[in-house]
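Here is the structure we will look at, set down as structure tokens.
For reference, chains read A, B, C, D and E in written order, and residue numbers begin at 1 within each chain.
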Amino acid sequence: MSTAVPAIRFSSIGQVFRTGSGTLEALRGIDMTVGRHEFVAVLGPSGCGKSTLLRLTSGLIRPTSGTVEVFGHPVSEPRDDIGIVFQKPTLLPWATVEDNIVFPARHKTGRVGGDDREKGRVLIARVGLQGFGKQLPAELSGGMQQRVGIARALFMNPDILLMDEPFSALDALTREEMGFELLRIWEAQPKTVMFITHSIGEAVLLADRVLVMSERPGHIVENLRIELPRPRGIDTSNNKAMHDYVGYLRGLLLKRAA
Amino acid sequence: MSTAVPAIRFSSIGQVFRTGSGTLEALRGIDMTVGRHEFVAVLGPSGCGKSTLLRLTSGLIRPTSGTVEVFGHPVSEPRDDIGIVFQKPTLLPWATVEDNIVFPARHKTGRVGGDDREKGRVLIARVGLQGFGKQLPAELSGGMQQRVGIARALFMNPDILLMDEPFSALDALTREEMGFELLRIWEAQPKTVMFITHSIGEAVLLADRVLVMSERPGHIVENLRIELPRPRGIDTSNNKAMHDYVGYLRGLLLKRAA
Amino acid sequence: MTMSDTSEASSLSVRPERSETRRQVMARAIRAPGVLPAATFVLILLVWEASCRVFAIPSFILPAPTRVLGGFGAVDTARWLEHVWATLRVAMTGYFLSIAISLPLSIMLSRSEILSRAIYPILVVIQATPVVAIAPVIIVALGSGDLPRVVITCLITFFPLVVSTTTGLMATPPELIELSRSLRAPVFREITQIRLPYAVPYLFSALKISITLAIIGAVVAEFVAAEKGLGYYIQFSTSMFQVQQAWAGLIVLVLLSLILFQIVTAIQRFWFPWSLPGDRT
Amino acid sequence: MTMSDTSEASSLSVRPERSETRRQVMARAIRAPGVLPAATFVLILLVWEASCRVFAIPSFILPAPTRVLGGFGAVDTARWLEHVWATLRVAMTGYFLSIAISLPLSIMLSRSEILSRAIYPILVVIQATPVVAIAPVIIVALGSGDLPRVVITCLITFFPLVVSTTTGLMATPPELIELSRSLRAPVFREITQIRLPYAVPYLFSALKISITLAIIGAVVAEFVAAEKGLGYYIQFSTSMFQVQQAWAGLIVLVLLSLILFQIVTAIQRFWFPWSLPGDRT
Amino acid sequence: DKVVYQLDWLPGGDKAPIYVCIQTGFCAEEGLEVTIEGGRGSSEAITKLATGVSDIGSAGIGALMSAKAGEGVPVTAVMSLFNKGPHAFYALVGSGVEKIEDVKGRSVATSPFTESNIYLPLVLQDMSMAETDITLTKADPGALGPMLMTGATDVIIAWLTDVSRYTGQAKEAGKELVIFPWSAAGLELYSASLVASDKFLKERPDVARRFIEAYKKSIAFAYENPKEAAEAVAAAVPELSVENVEGSLKDAMVLVFNEVTEKDGLGAFEPERLKATWERVSKAQGLDPTALDPESIVDRSFAAGS
């Protein structure tokens, strides 16, 4: 699925943060590529640098060393063909659910058209928030807020979708539904997806490839291609191969503790 | 494990929120008790009212109808024998990790003693944040922030521990470790635990009893006693009975969709 | 004090008591805009009247409100309106000019620390210079129309606006800024759609401070150069030992400030209700 | 503008260029406290001097700084210090008194909306009353020591403090308040350990506004009643047509304000660094 | 005996006598220990006297009259200081204003709160002009000189006590002044006076008498020895230069010692002139002329000593 120019390329990336009490090496020697229209999941222990990886891709921060390229161009600032689901919901507290979802249009172009509103309503339904369009974020549950963030990232139909634990606050069923919804969107409007999750099953179920990161300083210790047939659905979960992948990855992630 | 006076008792609780666009019935007719030193897990779809249930128990909000009792006394305001892990980390942005963890002492008594600091350090180690004591919350990853919140709730060694999806931002391994750590603490210093989670496995693995809530307006649709032997550990996961519980609950939660 | 109660539907309260309801009616009446401020104002007048009588304060020091009433008759209504209008016109022009200057300035200052460190001292210098001391320069430079008065009002009001708005613009949570940056929106939209809404509480705190300063500014300006206006009238009456007239002017002036302040408060309540915290009884 | 850059260790930058380093040294020098404000102040003096010469402004309107120098010699250093000390003493006493009053008042106002609606009008009335108009009352009531001047300074400074601090106290995110309530801490600790730290940016924005107002307050008070102080000196010199002396006094006054403002800024930077956003270049 | 002397404005040449009294020992000779209370305007001075902050001091008789008429303040004038109005038009030589009637059609600047403003319509009336015959602007007193010198206005209204100061300013600007006192146009008034609180006069009449005695001596001394008098002021008020004080002292003395003084004597309140003053004041301020008997505001007995 990858083409000549990869969608994302990390070349010997290192990231060091200056903190109140010294410095902290978050990433060390990351080399990886994500092909165009590839769906890559990232697994790794808490604090290993997954969010940092994602922020580097988005151009929100710049690496201490190495280069990040997107579609062959070095990233020096955020790009507008990238949609991000942040780890925290990050909603505008004064805007309704609907306004939060169409916010990218308002923010980029200054205006929200009737079709934008329509698109917003469709997305509200897709993330299961019918009837909550006029509510303020403070009036939503944690999981509902997270879904608003997802809808907002999908709103601009970006080429690259970066998702930082987007389903972490959702129950198993909603999570599964949202996952399949995401796959449907991805298949209908192909895009490159980088998907951080703590659920091994979810990673295998959704992704073309799973990257596993080590403890801090984070580097990539496994790069596993998931050869499960597409389209995937509920029955994929019963697939023997899927269980093997999950078992293998679980073993890998548990091993580090020993 | 429950005694004559239950730790928590909900009697025909209803909760209606006034929102910007009308009212919203979050809970309807909740009746339940949690015994002293019982470990109860709560499962339920996103937005069904789990956090609301927890906030009612803590006394942060009062029910629209019905009464909540804790240790036989009606709850009309927060109590100080309750420790809470909020769904959001809710840390003081200007305080270091250590100061955030010992904050309950400072906030309740006005001073932080040497032994408080010592207790803080022990907890930092227990939640795997060694070396981050002097960091500010903004310098931590999402999962690390969540662990600070857990350490803070454990700090006062409360009689009742209310935890709102405490492990949601943690990877599988850390999650398991934290779960077992919680069980150890619970067994060493018995306390009543109400534990909201989206992980069915986690609920079964940790709890004496699992409550399953319906979609909004939330009410309790299942009250399942988990008869797995204690102490529980990694091998419990391989227990046949455990798998049956998980399977049953999964079926129950999926059923609602039909 | 129970902050979450506000969001619960108390209409479904379990035990709706009679006395409760009556108290609620009272509470609603009290909450109606303008009721409490008006009550307070009347109370001030009553206390004032009482102290004058009880302590037998000579009326040339502090005339009782009932005596001040006489002062209102000193000039006719048309003339009063002229004075009020003169002050109001200058105060409002200066206030809006000041807002028009402060907003872009604050935005500039919030964007560059170097700039802000370099420009703040200038602002402090301007703010710290007593208007009276530089009155000759202002008048010679600006003539003697409304202009010097508007400029003086501006000079007096702009500082709180700039300081508070700049602080507010920079207090926006970094994650919302990241959101904006990730959308690659033009900077002005980051400002108008994220930073400014976020700064609204700061902005209104400054607008409230500045509205009363605007009146003060207009009054000070009238001390410096004017033929009309409440400040002029008060000072003039004082200098001629027309104590009652001076106090009559003062009451009108204070009322004007109160009304303007209430208007600013009402604007925030009406158009930016989300910027007001709901956690008070 | 790149807000996250600040937290990255630029020392590990891949291509450390010569010119970069030199620029960084420059940047560091510029960032040293006091450097930019001092530079700005010197710049103001230079522009002033230049405009006086270029436009040949008569010195009885605006004397050039070099001519003002002569004004410094009019009284000896000891007398200068007396004036500065008189103003500083009143300004500082008034400022601290004002803080001491505003903080508890703000806390009260932030706790009850009814109270705040009832009390705000009183504050507006106090704030809106021109000091000059009620000077006789103040002086007769308070005698002729520092007291009336301190009170006047207080009256002028307290309003921004109250408005801004109250806004800040109420802007605390509800989840932090819930945290406090869940710990069942006494209210005063909710205030001191959560609301006040959260209000620090608001508080300092008000402290900055009020410090310059304190100087203005002291000066206005000296206009109204004093035999010493920079305000008195300026007023005196002006009324005696000693324009150079007046401007010398003005320069000292403005410098005093600048220094005090920088001190407030430095206090925030030093003790409350977390209250300053790091997202500027 | 302790006496608190109330100034009605900042120290300066026109306030020289009280400094002379203290510095040269005239006050001490009468057994008086005098302290000076600062003041900001006649109204404030009268208030302070009325409330007992100070005992005796200087204030404009016009303000006292309206204070008496409106509020009946317990303050009485005991001696006149300026027996002529200090008000005057100032213009530049060569501006075409050569006699007082030439102000017609000119722009005139005045300070907003000077007593002069209330007499202006009367002066104009005396010259058979209306207020509409001049364009009046009001600006801070400090701005009047610069306005005149820069041509922003043709004429300013200022006091004769400031002649030397304005002259100095004109010289700096390379200009020359012409001055038209209003008294010359027929405006006959008392102005600054020595006024005392009734309490002081009633409870310590002897002290009051002795003070006025010493004060008169000081005036005479200042008139005859302006330089020494100026030095006395400058010694007490370091912000003042001797030249500055001497200039304004000489200016002020013209209002104290003149043909009226020769006729009526120093400090006298001549009933007709007093009545005329009240007529002017009441008319100018729109007060009821019967509201006050001008005789009731003065007590000539204290100054009668000499």
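Methods note: a contact is a pair of C-beta atoms (placed from the backbone, for glycine too) under 8 Å apart; a residue touches a chain by one contact, two chains touch by 3 or more.
Everything numeric here is computed off the predicted structure, so don't read it as measured data.
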Problem - Same-residue or different-residue interface between chain A and chain B, half as cut-off - result: same
Handout entry: Chain pair, most C-beta pairs within the contact cut-off
Key = C-D
Practice task
Give the label of the chain whose average Cα location is farthest from that of chain A.
Solution key: E
Handout entry: Centroid comparison with chain B (C-alpha atoms), farthest chain
Key = E
Completion exercise
chain B to chain D, mean C-alpha position gap in Å, rounds to 48
Problem - Euclidean distance of C-alpha centroids - chain B vs chain E, Å - result: 84
Problem - Approximate Å spacing (C-alpha centroids) for the pair chain A, chain B - result: 27
Practice task
Quick one: report the Å distance separating chain C from chain E, using the average Cα coordinate of each chain.
Solution key: 40
Problem - Residues of chain C engaged with two or more neighbouring chains - result: 4, 7, 61, 132, 136, 140, 174, 178, 181, 223, 235, 238
Completion exercise
Shared-interface residues of chain A (touching two or more other chains) are 17, 19, 60, 77, 88, 136, 139
Problem - Residues within chain E bordering two or more other chains - result: 43, 47, 51, 142, 145-146, 150
Exercise for the section: Please give the residue numbers of chain C that touch chain A in the complex, ascending. Expected result: 7, 175-176, 178-185, 189-190, 193-194, 197, 274-275
Completion exercise
Listed in rising order, chain B residues that touch chain D in their complex are 58-60, 77-80, 82, 84, 86, 88, 90, 92-94, 103-104, 106-108, 110, 136, 139
Problem - For the chain D and chain E complex, residues of the former touching the latter - result: 58-61, 74-76, 79, 135-136, 139-140, 144, 223-227, 233, 235-242, 245
Completion exercise
As the complex stands, chain D meets chain C at residues 1, 3-4, 30-31, 36-37, 39-41, 44, 61-62, 110-114, 116-122, 124-125, 127-130, 132-134, 136-137, 140, 159-160, 163-164, 167, 170-172, 174, 177-178, 181, 187, 201-202, 204-206, 208-209, 212, 215-216, 219-220, 223, 231, 234-235, 238, 246, 249-250, 253-254, 256-258, 261, 265, 277, 279-281
Problem - Partner chain C, residues of chain E touching it in the complex - result: 41-43, 46-47, 50-51, 62-64, 66-67, 70-71, 73, 109, 112-113, 115, 118, 136-140, 142-143, 145-147, 150, 152, 285
